[in-house]
Amino acid sequence: MGARIPSALVVAALCSVASFGVVAQEKDDAAKGIEAYREALKDGNPAELFEMSGEELWRKPAGPKNVSLEKCDLGLGAGKVEGAYAQLPRYFKDTNKVQDLESRLLTCMSTLQGVDTAEYVKARFNTAKKNDLVALTAYISGASNGKKVKVSTKHPMEKQAFELGKRMFFYQAGPHDFSCATCHGEDGRRIRLQDLPNITKHEGALAGWTTWPAYRVSSGQMWSMQWRINDCFRQQRFPEPVYASDLTVALSMFMAANANGATIQTPGIKR
Amino acid sequence: MLRAGSGAGVVAALAAAGFFAPGEALAAWAKDAFEGKSVADAMKAMGATASGASGDVQIVASDIAENGAVVPIQAISKAANTQQIAIMVEKNPNVLAAIFDVGPDVLPDFTTRIKMGETSNVTVLVKADGKFLTATKEIKVTLGGCGG
Amino acid sequence: MTQTIRKIVPAAAIAAALLSAAPAANAQSSWGKQADDKSFAAMLQSGFQNAGTVTTDRLKQDETQAFCSNPAKANSKAGAKKAAEVEKASLATVKYPADGKFLGDWKNGEKVAQSGRGLTWTDSATQANGGNCYNCHQIDTKEISYGTIGPSLHNYGKLKGNTEQTQRETWAKIFNSKSNNACSNMPRFGHMGILKEQDMKDIMALLLDPNSPVNK
Amino acid sequence: MPSPMRIRAASKDGITEVRILMNHEMETGQRKDSAGKVIPAWFIQEVKASLNGKEVLQAQWGPSISKNPYFAFKIKGGKAGDAVSVTWLDNRGETRTDEAKVT
C-alpha cells in the first residue's frame, strides 16, 4: 500500500520488462478472445426468461390475502414500476428505513399479500422462494433499462446508509484478511480473467451497479444484487450476510450513489 | 440422411424418449450418433465414413470461452445443396451436440450455445450433395472465478 | 438508523469484541466523515449470521485488520509509523520449516496455486484449502487465466536466484505477507493457518525450483 | 408444465431471422448432486419450427447444448405479421410450443 514496495513487486517489474513482448502478446490475445466471447453472448440473454416469469409473479394474486403485488410502492408511487429501480435504494417513510429493491419487495409481500417474509429471508439462494424474488428483480430492473441512476443521499438515513456502506466496504476480517476493497478498490485489476470494477470510483461503481441483476452463464442462474453481495462475502471468507439486512442495503447504497448518473443496463449477462 | 442405416437406433431412440403424443410425427432422435464417444464414432453413426476439410464450412466462435458452460457457436455452410449440419466437440464425453436439417425453407446458418468440458477442437460437419465436408477450430476454455 | 436486532446472531459480545479489538476504529476523523462506531457495530451484528462451518466470530478483527480497514489513516504519516510496527510484529510470527528445507514438490505446488477452495461457508470442514494464487498472480505462463491483483511471478526464481536469503524472504512473504507490507492484499497463509507447511514448501518449489515451469 | 419460450422473429430483405430462448435445465446426466448421486440426464432432443403452419426446420440436440438454450436460424421468406411457431420435445417426453408474430 502507498509507497511501500514489496520485494515481490520489484521482481514483477523486472520480469515484466524481461519478457515483455511475449507476455503482452499472450495477454492481448486472451483479452481479445474474451471480448469476442462476451460480444457473442449479448444477443439473446436468458435473463429475458426471468423477466417474463417475474412479470407474471408481479401480476399474479398470491399469499393469504390473494392479491398481486401490482399496488406495491417501489418509491415512485403505488404500482409504478418503470424507472423505480434506477432510484433505489431510498428512504421509505412507511417503514422508516432505507430499502433496496429486494427488502422493499419483502415489505410489499408482507403488507399487501400477508406473506410471512421471514421464510423468504431464510430460504437459500437457488430455491423456489428466493428464485421468485430474483425473477421479480429481473422484471423490475428491466423496467429501468436505459434510465439514469438517480439515488438520493439527502435524507439523514440515506446519508448514514451510504457512510455505513462505505465503512463496510473497507472492513477487513476473516482468515484471508479480505475486504470488498481488496478486489474492488483499485483500477484495472482482475481475478483470473474477470475484470474487477473499482467500486470506489464512479466508472467502476457504474460497471458493477448498472449491470446487476444478471444472468450468469457459468451456473445458468439469474442473480440479484443481494445474491451477488452474498457470494462476494462467501468468497471473502466472511460469515453469511442476512438477506435484505441493513448491512446489504448500506453496501448497495454506497455502490448506487457512486454510480449516480450512469445508465441502467439491466438485466445483464455475465460469465 | 445423416441418420440413415440405423434402424435399430431409431427404435431405441423412440424408447428412450418415452412416448410421442399421437400425431406427433417427430423424426427419431439419432441415438447412436449422440452416444458416439469420439468424432469418428459419431461420424460413422451419421454415415459420414469419408469426409474432407472444406472452406465452404465456417465456424464462427471466439478463440477463448470465458466459461465452458456456454460457448456461442455459429455454423454456416456455403456448399451447394446443403442437407444437414452437425456440431461436434472432440473432448466432450458425447461428442455430438446438435444436428440441423436444412430443408428448402431455411438457410444453412445456425447459431446456438454449447457446453465444453475443457479446451477442445470443435468440428462442424456438413452434408451437401451427398458428400461430407468439415471445418475444425480449437476453442480454449478458461478457468474463472475465485473457486479456480 | 433504527436497527432491527436479530436473534440469529450470536450476540452483543461480538460488537463489543469488535470495538475493543479495533483501536483504529476509534479515531476515524482522519479520513473524513464516517459512520459512527455504535451504528456500525449494530449493523454488523444484525447483518451477519452463521452458515456452514463459518460463524460470526470471524468478524472480530485483529490489530492488523483493524489498522488496514481505514486506508486513509493507514496511508497517513502517523500510519507509516504504525505500519512499520505491524510489519515488525508480523515478521516475528513467521515460523520457518523445522527441518530447514524450504523447497517441496513444484507439481503439487501448482495444484495448490490453482485451487481457490476452502474456508467458505459452502466448503466442508474437510475441504483442503487452496492457495488462490492464480486468482491474483501470473505464475506458469501456460495458465492464461490469471489475475492481476498481485504482481506476475513468472521467472521468479530465475530473477531472484535460489539463495538461502531468497528462500527465507519468500517463505516469510507466504507465511505472513504483512511482514514486508503491513496492508498487503495477500492472505497470511501460515499465520492464519490457511495452508499447511508442506503446501507452502510446494509453492516455494513452484516459485524457486529451477525445474519449475515458472523458471523455464 | 414447462415454462414459455421467448421467440423473436424479424423479417428483412426476404429473410426472417428467428431467435429463441428456451427454458430448460439441459442436464447432461454426467453430474452428481451433493450426496454423490448422479443427476439423471434431462435435455431437449428435438426442435421443430414452422412458418404459418408449414414446417420449415427440424433439429436434434444432445445434452451438450447449454442450459436455457439459445437458438437462432434464418427462414427464406416470411413477412411482418406471419406466425412463427416453435416446438421442443425433451427426453422425458415433455413438450412445449410457443408462437410469435414476425416483425
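Note that the chains are named A, B, C and D in the order they appear, and that numbering of residues resets to 1 at the start of each chain.
The criterion applied here is as follows: a contact is a pair of C-beta atoms (placed from the backbone, for glycine too) under 8 Å apart; a residue touches a chain by one contact, two chains touch by 3 or more.
It should be emphasised that the depicted structure is a prediction, and the values quoted were computed from it without experimental measurement.
Peer 1: Between A-D and A-B, flag the pair that has more C-beta pairs in contact.
Peer 2: A-B is joined by more C-beta pairs in contact.
Peer 1: Averaging only over C-alpha atoms, locate the centres of subunit A and subunit D and give their separation in whole Å.
Peer 2: Whole-Å distance between the two chain centres: 30.
Peer 1: Can you give the whole-Å distance between the Cα centres of subunit A and subunit B?
Peer 2: So the centroids are 37 Å from each other.
Peer 1: Just curious, how far off is subunit D from subunit C if you go by their C-alpha centres, in Å?
Peer 2: That gives a centre separation of 47 Å.
Peer 1: Touching at least two other chains at once: which residues of subunit C meet that condition?
Peer 2: Where subunit C meets two or more other chains at a single residue, that happens at 116, 132, 134-135, 144-145.
Peer 1: Return the residues of subunit B touching two or more other chains; collapse runs of consecutive numbers into ranges.
Peer 2: In subunit B, 64, 69-72, 140, 142-148 touch at least two other chains.
Peer 1: Which residues of subunit A are in contact with two or more other chains?
Peer 2: 30, 191-193, 217, 220, 235
Peer 1: Does the chain-touch network form a line, ring, star, complete graph or other?
Peer 2: Topology of touching chains reads as other, fitting no named class.
Peer 1: Considering every pair of chains, which are in touch?
Peer 2: Applying the touch rule to all chain pairs gives A-B, A-C, A-D, B-C, B-D.
Peer 1: Can you list the subunit C residues touching subunit B in their complex?
Peer 2: On the subunit C side, the touching residues are 114-117, 130, 132, 134-135, 143-145.
Peer 1: Which residues of subunit B touch subunit C in their complex?
Peer 2: It comes out as residues 64, 140, 142-148.
Peer 1: Mind pulling up the subunit B residues that touch subunit D in the complex?
Peer 2: Those residues of subunit B that touch subunit D are 16-21, 24, 26-27, 29-30, 34, 69-72, 89, 92-94, 96-101, 103-107, 109-116.
Peer 1: For subunit D, which residues are in contact with subunit A within the complex?
Peer 2: Residues 3-4, 6, 19, 21, 23, 25, 66-68, 70, 72.
Peer 1: Which part of subunit D faces subunit B closely enough to touch in the complex?
Peer 2: Of all residues in subunit D, those touching subunit B are 15, 26, 28, 30, 45-46, 48, 51, 54-67, 69-77, 89, 91-93, 95.
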